[in-house]
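Across the two complexes that follow, chain A remains constant while its partner is chain B and subsequently chain C.
Presenting the complex of A and B:
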């Protein structure tokens, strides 16, 4: 009998897609992975609706209303939720705006920015509303595993996924853990 | 056995001389106990609590506890590692530590100790305090976002350089590092890169200008080997990627 493949979903919230690039850096190991898992909603598929999943990998912190919505949905549908990368863990570079008021930040780029014509702060209803602060995802939902790095290397991700899929305790080597 | 007094640290006999602390004796015997505000060249400060050990079953800071014959000291236990992780996590969320954007990343003692105790995530709610960056000095920058208040720069400037450039102002959660001039600017002081105070910061708070990325990320002090093997950044010379002047 063929074992049902585990379902994995991924998303990028307030991140730069660097962690997803690192996932793609698995290179030929992706073939191995594809035999064992099935990708659900992810920037790498075109699935719009998140299904019931075994593992959710979340890149990026939470900076706007849409991020909150996506994250809560991931928590509800994924048995195991994994925070991947500096931004998901501590807000990372996007959270450097937290020292300032949102208004100060918006004015800095959209009102006082260089070379602007008809300078104004964007307010199209299509654009998700920004939160006052950028939050690491553990401040919004419960997280089961954290993988630091900006981004975590493909090796780190590989070790992690392998050990998780085989039900082992996760043991990363010294060089697989870094915050930069 | 000779008359030399000793205690046990995780089961290993550690000899010591009268007047030494548990930390000093361990260091001399080549056994690492994690620490941040302790630097063997300075009077112990006992403030960061990262060096917490159990001495005869009581929690004590190894850097301020005098060694005594027959003591049983525990350091590498899961209980202590967990407490140390918690302390590290608090140090991280109290400031603004964006390691990917920090020049000191890879050669930072705070980061290295966090790796050593197995800190994967900050766990607590971040404070995101608003703190300044002072680039007024021609040769050095001080980024208060990364200061952990170990007061090593305060001690070095006062006790070794005789300049008294740094001080701590405020109490409790309000306590913060300041530069001792009316303007509060480093550029208005007699601070020099030759000062001991320029060589002791365990974090990326006090930085030398113009050489931030001389050593690329990936080839830095703690990129390949852990701090218990490599040693403290402040104790290693420039030529080995440390802070101490050759």
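Presenting the complex of A and C:
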């Protein structure tokens, strides 16, 4: 009898997709993975609607209203939610804007930027509104696991997913989660 | 050009007055700031030039200490003491009142440059608050009418020296004296006993007395003196730690104010025993008002032959004392950080061992003792070790000064033999309705009424002397929150568990305090607290989580009645976090809001 495959969803909030690139760096191991899991909503599948999942992998911090919606939906639909990479854990590079007011940030890009015509702060309802600060995802929902790194290496992700799927306690070697 | 050469002139004078010594950098910067009201980048460069040290070193010191300003301040600089005991006495209302009278925002300098109003950590006036500092000088018992007077003095630009003296009056409030403060002490008697009986005999008496460090750590004082005496080298130092920064403690202030001779005599005696010729008193910046009176006492002692060259006519007995004024840094109460500060650096704790008794000030053998310890040592030299050991318990000999404040009828200084119960102290100070006590300050322990039978001594409840009473009307979490903010401000930033841990703890306690916490947050606080206890570099960080951990244990109901029933709550108000963007874009469509009900109902596992 074939065991039902576990369902995994992934998303990138305020991140650079670097963690997803690291996931793709699993290379030939992706074939092994594909036998054991089924990808649900993910930039890699282009599925738009999130189904009920076993594991959600979240890259990136929370910088706008859409991120909040996505993250809360992931929390609601995924049994285990994992923060992957520096931005999800701490806000990372996008959070460097936190030392400025939102007004200063937007004016720098959209009002004082070079070569602008009809300079103005965009207000189209289709564009998600920015939060005044960028937050790590654990400040918005409860997180079950955090995988540090910028990005975590493919090896780290592989070890983590394997051990999680096999139901054992996660044990990562020093080099897999430390960067000193 | 003329202005810049005047600046150079001013700084050169001050640096020369301090002998051009880089170890006096902190004192130099204090004096320069007194003249110029703040330390501009140009000023700091001139100071570095005059001392021939790197400008970065000067900047690092200027930026470390709370009372040194690297941005312009008002001619009148007012800092309200913001300890929980000041808050109990209504300091926040008074702060807002003065700000509105002077038309200035908290922490900002008024456009005309006349005045700045802000807050600072506990100034050690808990028994006569709400208190504040004006240009570093202590103001006590503030109330609206006193503030009216102060506002008028400022608006009329009356020099501080001409302000009414009663604004600056500091009471001793000595409520109970025992063997240390209760018996007359004749100046010079400890030194005469020391000379007559010799250093070995004095050390023997110290051993017999069982005296332990009265700052709270409780290390054996005799062992410290002996270790320093036996350390190799001819140049040794005696340092008196009067950097009484633990919120709620003010007993060293009273000792320095009323019993300075006893303290100086204890230091001089220590110098004789360990073979040191130089002593420092590290006086916390908040006690600046005592600097000149203390200098006068030192001068009187020199004239009386009790200090300086050939003390009591003995050509081999030379010892002098210098007062070093701190500049608002709690961490400098830790002895190795204090030594760093004495050396003119920013006050970051050293890695120990080696300990100061072998590698202290300028890496020379150094005894660092608390004010009260030196006072007790002087008495022991006169009255003998057995006399001292006749009071107290098996492992805590003698007496302890308690600084009692908060909700009681008679706040002030109480001297008790070690072993006194908390219950007895409460009865004596007139605290009839106590809910809990913060013992030994925020870094100490919070205890609830079930534990009032415990004894104050090293075997049970150790303390440096702070004793803050919370009655039934108080919200324990107000205190915990005040302490969490205090530790964020006072963390020196050297190690990550403390620098980051104190901030995370503050955020979590704020979240719970404002009614957004869940049980998950309480678990996070416990986890974080344990990491800080295990991972921080010095005692500040290791003890910083104590108020949270103790209150979770002793006053769980204070937390529980605030908790949300959900398993998890965001750390911030999601919808409010969009307000700025709504304003900037003028949007009011549905997508411009994050409605908590829509988002979270059924969302969490």
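The working rule: the second predicted complex is superposed on the first by the 177 of 180 C-alpha atoms of A that agree within 3 Å, B and C clash if a C-alpha of one lies under 4 Å from a C-alpha of the other, contacts with A are read in each partner's own complex, and residues count from 1 in each chain.
Keep in mind that, in the parts below, a contact is a pair of C-beta atoms (placed from the backbone, for glycine too) under 8 Å apart; a residue touches a chain by one contact, two chains touch by 3 or more.
Predicted, not measured: the structure shown is a model, and the values here were computed from it.
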So, after the overlay on chain A, do chain B and chain C clash or fit? They clash
(Q) Contacts for A:174 in the overlay, against chain B (first) and chain C (second): which applies, first, second, both or neither? (A) first
**Message:** A:75 in the overlay: touching chain B, chain C, both, or neither? Say first, second, both or neither.
**Reply:** second
> When the two structures are overlaid on chain A, which partner does A:139 contact: first (chain B), second (chain C), both, or neither?
Replying inline: both
I'd like to know which partner A:147 touches here: chain B for first, chain C for second, both or neither.
first
Of the listed chain C stretches (63-71, 153-161, 423-431 or 567-575), the one clashing with chain B is 63-71
So the chain A residues that chain B and chain C both touch are 133, 138-139
Chain A residues touching chain C in their complex are 65, 68-69, 72-73, 75-76, 79, 101-103, 106, 121-123, 125, 128-133, 135, 138-142
Listed in rising order, the residues of chain C that touch chain A in the complex are 520, 567-568, 570-572, 574, 577-582, 584-587, 589, 591-592, 594, 599-600, 602-605
In the complex, the residues of chain A that touch chain B are 83, 86, 89-93, 95-96, 98-100, 133, 136, 138-139, 143, 146-148, 150, 174-175, 177-180
Within the complex, chain A is touched by chain B residues 92-93, 96-102, 105-106, 111, 114-115, 120-123, 125-126, 128-131, 217, 223-226
